[in-house]
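Structures are listed in the sections that come next.
In the two complexes that follow, chain A is the common piece, with chain B as its partner first and chain C second.
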Partner chain A sequence: MTPKILKVRDLTTRFFTDAGQVNAVSGLNFDLGQGEVLAVVGESGSGKSVTGLSLMDLIEAPGEITDGEIWFRSPQLADELGGQKEKEKEVVDGEYVNVRAVSPAIRQSLCGTEFGMIFQDPGAAFNPSLTVGEQIAEAVECNKRLDRGDTYGLLDLIRDILSPKSSFVSSESYERAIELLDRVDIPDPIDRVDEYPHQFSGGMLQRAMVAQALASDPTVLIADEPTTGLDVTIQAGIVDLLRELRVETGMSILIITHNLGVVSEIADRTAVMYAGELFEVGPTPQVFERPANPYTDGLLGSLPDFDDPNARIEPIPGNVPNLLAHEMPSGCSFADRCPKATEECAEINPPLEDLTEGDDHRVACLHAETTRRVAELSVESPIRADSRVDSGVTNE
Partner chain B sequence: MISDRTRTSLKKELRSNAVATIGVILLLSMIVMALFAPMLAPHDPTDQDSSRNHQPPVFFGGEEEETTRMIDGEIRTVTESNVGSMTHPLGTDSNGRDVLSRTIYGARTSILVAFSAMLVSLVVGTTVGMVSGYYGGNTDTVLMRFVDIVLAFPALLITLAMIGVFGSVNVDIPDPLVVSGLVSGRPTHLTVPITITLAISSVIWVWIARVARGEAIAAKNEEYVIAARTMGMSNWKIIWKHVLPNSITPILVLATIQVASIIIIESSLSFLGFSGTNLSWGYDIAAGRDYLGTSWWLSTVPGLFIVVTVVGINLLGDLLRDALDPGIQRGGL
Partner chain C sequence: MKEVLTFLARRSIQGIFVVWGVITTVFLFRVISPTNPAQLMAPDDASPELVRQIEEDLGLTEPIFVQYVNYVIGVVQGDLGFSYMTNTPVLRRILHALPGTLELAVAALLFAVIVSIPLGIFSAMYRGTKIDSTSNLVSLGGVSTPNFWLAIMMVLFISVQFGLLPTSGRPIGLGEATGLLVFQGDFGGLSSWVAHMILPTIALGTYFMALLFRLTRNGVLEEMGKEYILAARGKGLPEPLLMYRYVLRNSLTPVVTVTGLQLGGLIGGSVVVESVFAWPGLGTLFIRSLNVSDWPMMQGILILVGAGYVLTNIAVDFVNAKLNPQVDLA
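== the complex of A and B ==
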């Protein structure tokens, strides 16, 4: 098995709004392998994007990452920081560094150099008053600066204001920007590099954004709905591009999307999110062919079937629950929409557990054939519901 | 900081909008007047001659009167001409100084104070607004409450208080046109009223800061700012590269319009006697007030110049707004 590049443990992000506390992401656990593509799918409002932003440490007030660890594999940094402790939290564990526990400066540099992010709306992700090339070159410069351990302080700003020339990007970075644009298959990169974002089409801007994210040679690329808002042929192009880049650079990709077509095209593993929780995670073919969670089943069932065009599309009834903490159901958050729901579903929030069949396929459902449930059934425990509460099931 | 696109839309607007063009011409002529005052003024604005006081502007009548004067030890009856003439096309004041020359020189004070006070306000206001809006939280609260306090007082009151506290500090700088010998018989120095400039800046920057803050808040939530943060770009760099260029337009539009109010505040201060120089439109209006019944032109001429300048600046502000307003989309995606 490939080593894990990222291990997320109990990641919890909350928003403290006037209406109350919103549990956008609650206790997320997942791993991302080296060179692996993991797709995070779910309906709107299921906490997919907040997960991505939390990984990049981009949550802003009133939001806050209240709990959890993000372990990033970096033997070099782990060596440097070995033995350090910050605020009672472990910083280093073997080859892994806890991104949440390191100092803000290291975190900024880590996020800047090792993580790349591409966004949903390519039109909004470029500054309209600078050329595309300038912005990509800026990303290259920024990465160099972080590699050198420099910070851009007030003095640098004053220097830039006093001599506008010094704030121009170096010709080296500019060349690199052209290379990157060429790499993401933008035609005539030498001409295109000097154009403004509004002169690019949506698909091209998305490519340019990938180029910008590649400027730092990231180990992990987080793609937040990279194909939403693009038409189908351009979507396919972006997916192909990401796939090529993965093979070429060996980077891991976390792709956040609600487009299951894209998922089946590119993802090695799929994680299904619902109401801020992980419902199912496993190899994409297994999740698609033998979904263990009724929600995954419903999600797949609401897609048109091209093999059988006359088959009915079955939408999942109802909506994603309000994520306000005091309105959240105490049991499984999907219970009131679930066709298989029983009384105990309304009381017990199922933990993510290994499934009996299949490798690395985990699910959070009381009705799934999890290893523990099978074991329990074989013992034929008389009071199943109570014993489950006692056996450490969190019931928040 | 100002993109090619901005430049293009400015040019386009200037070509298609005749009223805006008039505004630009009015303002430019005031600036030229201020710059080349020693060459353009027909007389020395400080040259007094009581024998030709209170001359009305040319074509506005006047009379020849006989007065008795002591000349060479004898009392003689002389005829004094008080008819408007081309020598003093806009008449003379109570001390016989040429009103046109004084008004041309007055433009210097107004424009100098207006532009330097605006520059100071822009730098201070934009910096405070950007920091306040971008960082938010306590920084924002503290800075904006201070801004609110300043905004709560009438501008004139604060400026008067500051002049009261710091006194009137003026710097005389040599007039290059006179010193270099290009023009002679004109005042050799140009007075820069430092206190007034700073006092006016201290009430104008808050407006800029308010707008800059709002723009910074809007810009900092844009995806390109978030994208820049994912690259690990530092906050100062993000403010300089991403937030400021996308906030500058409304700030510039506001600044233009505020220049007009600075001119009015400066004139009001001069009118009240705090000008620091007596070559100022406000000063002349105040001096002419006593003779409004007989010599109306003393206050009217500088008053008209204030009106023309303010209208010119406001038209320019409209032009900038129309050309640069992000709400008015031209082309694009």
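== the complex of A and C ==
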């Protein structure tokens, strides 16, 4: 099995708004393997994007990552930090470094060098008053400078503004930007590098966004809705590009999307999020074919079926609950909408547990066939066990 | 480069039409004005013949259209006519008063820009803190304080009560003062110039400062919420560069526009502030001409104001196009 590049433990992000505390992400646990594509799916407002931003440390006030650890595998950095005795346990664990516990400078440099992010709306994620090439070159330059450990202060800025010869972006970085644009299949990169974002089409701009994320040669690429708002053909192009890049660079990709078609095409594993919690994680084929959580089932059921065009599309009734802390249900957050919900569901918030069928498939549902539950059932009264048989699942 | 030249050429032609419009309007004002300048110029006991004679000398007996054509031809040739009161060329009087007004306008604007923009950025960066609420309060005060009142209060306390700065006047211009310093090594001229400039500058600039502060703060706040700021942070862009190239640059458009228009307005001179400080600028000159119906002088000043607006507008559009590539010069 491939080594994990990222281990996220109990990641919790809250927003402290005037209306109250919003639990955008609550106690997230997942791993990302080396070279793996993990898809995070869920309805709008389920905390997918906040998860991505939390990993990038881009949560801004009134939001805050209140708890959790993000262990990133970097033997080199672990070596460097390992010498520091104090708080060592929290910061370094073998080859892994907890990026939430390192100094802000190291955190920032990790973001610029090891993590890359593709944003949802490329039209909004580029500065309209700088050329696309300049912005990609900036990313290249940032990566170089962070690698060298250079700092850039107010005095450097004043020097760069006043002196026509000195500028933040070097000509090599500019050359590299052209190469990157070429790599993401933008035609005539030498001409387009000097164009402004508004002169690019949506699809081209998304490619440029990918180029910018590649500038730092990232180990982990976080793609937040990379295909949303694009034509279907252009979507396919972006997905193909990501797939190619993954093979070529060996980077791991965390793709955040609500497009299940994209997921089935690219993702090795799929994580289903709902109301800021993980409901199900597993290899994509298993999650799609044998969803263990009623929510995943509902999500898949709300898709049109091309094999049977007459099949009914079954939307999940109701809406994602308000994530305000004082309005959150105490039990399972999906209980209100769940067809299988029992009284128990309204009281107990199920933890994420291994499913009996194994293969790294885990689910958070009281009614799922988890290993713990099977163990419990085998010692419980036979009546309970019978009721399981009724629901069509065998217990052997 | 070619783009810039066509822009300048086109805007200049448009500007000429605007100034022509100003000339015509101002001329028409004179025509419909009920006062007879000849009557005002003549002694109280002058005979009707004498008044008639003066009217003829001033060219007021000619048909209005002929007067208009003559005036426009004069303006094109750089001749704004003679002042009714002093019988000196209007252009010479205006050029004499212009430096005082320009010095004050530029100083007030510089004061406003230098204080407001950093304060606005600072206030937005530390939104909701004491710094922010204090600067907000001060700017609210600045926007709502009438400048004549501020001027009088400053004179009262700073000049009269404490005797720190002179109360009024402009004994020496910047040109002369610099001349003294360069050729005679005399700092006296420059220090006197500075001392006389401080209060009028603050009186005139406070309102703009408060206005620009609010524009900058709101602009910066708006920009900081944009997704490309997140994206730039994500790629590890150093904070100073982020603030300058991403936040400030994009939030400056309204600031530049307002600054330019204010400068255009200030070229005509601030009547109120110049009056309070007995500042020998265009504002004072205008008020004096108005009191005695010195039409050629008023026409000259108003044409200058119109031309000033046209020029600053062209400059504003030019700078905004440079700041924002989505704005096309053409």
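Convention: the second predicted complex is superposed on the first by the 369 of 396 C-alpha atoms of A that agree within 3 Å, B and C clash if a C-alpha of one lies under 4 Å from a C-alpha of the other, contacts with A are read in each partner's own complex, and residues count from 1 in each chain.
As a working rule, a contact is a pair of C-beta atoms (placed from the backbone, for glycine too) under 8 Å apart; a residue touches a chain by one contact, two chains touch by 3 or more.
Because the structure is predicted, anything quoted here is derived from the model rather than measured.
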Joint occupancy of chain A by chain B and chain C, clash or fit: clash
Which superposed partner A:L157 touches (first chain B, second chain C, both, neither): both
Which of chain B and chain C A:G202 touches, first, second, both or neither: first
Contacts of A:E138 with chain B and chain C, given as first, second, both or neither: both
First, second, both or neither for A:L38, with chain B first and chain C second: neither
Which of chain B and chain C A:P128 touches, first, second, both or neither: both
Overlapping contact positions on chain A, where the chain C interface meets the chain B interface: 56, 58, 108-109, 111-113, 115-117, 119, 121, 124-130, 135, 138-139, 142-143, 146, 151-154, 156-157, 161, 196, 198, 212, 215-216
Residues of chain C that touch chain A when the two form their complex: 226-228, 230-238, 240-241, 244-246, 249-250, 323-326
In the complex, chain B residues that touch chain A: 1, 3-6, 136-137, 222-224, 226-234, 236-237, 239-242, 245-246, 331-333
Chain A residues within the chain B interface of the complex: 56, 58, 61, 108-109, 111-113, 115-117, 119, 121, 123-130, 135, 138-139, 142-143, 146, 151-154, 156-157, 160-161, 167, 196, 198, 202, 209, 212-213, 215-216
Residue ranges of chain A in contact with chain C within the complex: 53, 56, 58, 60, 108-109, 111-113, 115-117, 119-121, 124-131, 135, 138-139, 142-143, 146, 151-154, 156-157, 161, 168, 196, 198, 212, 215-216
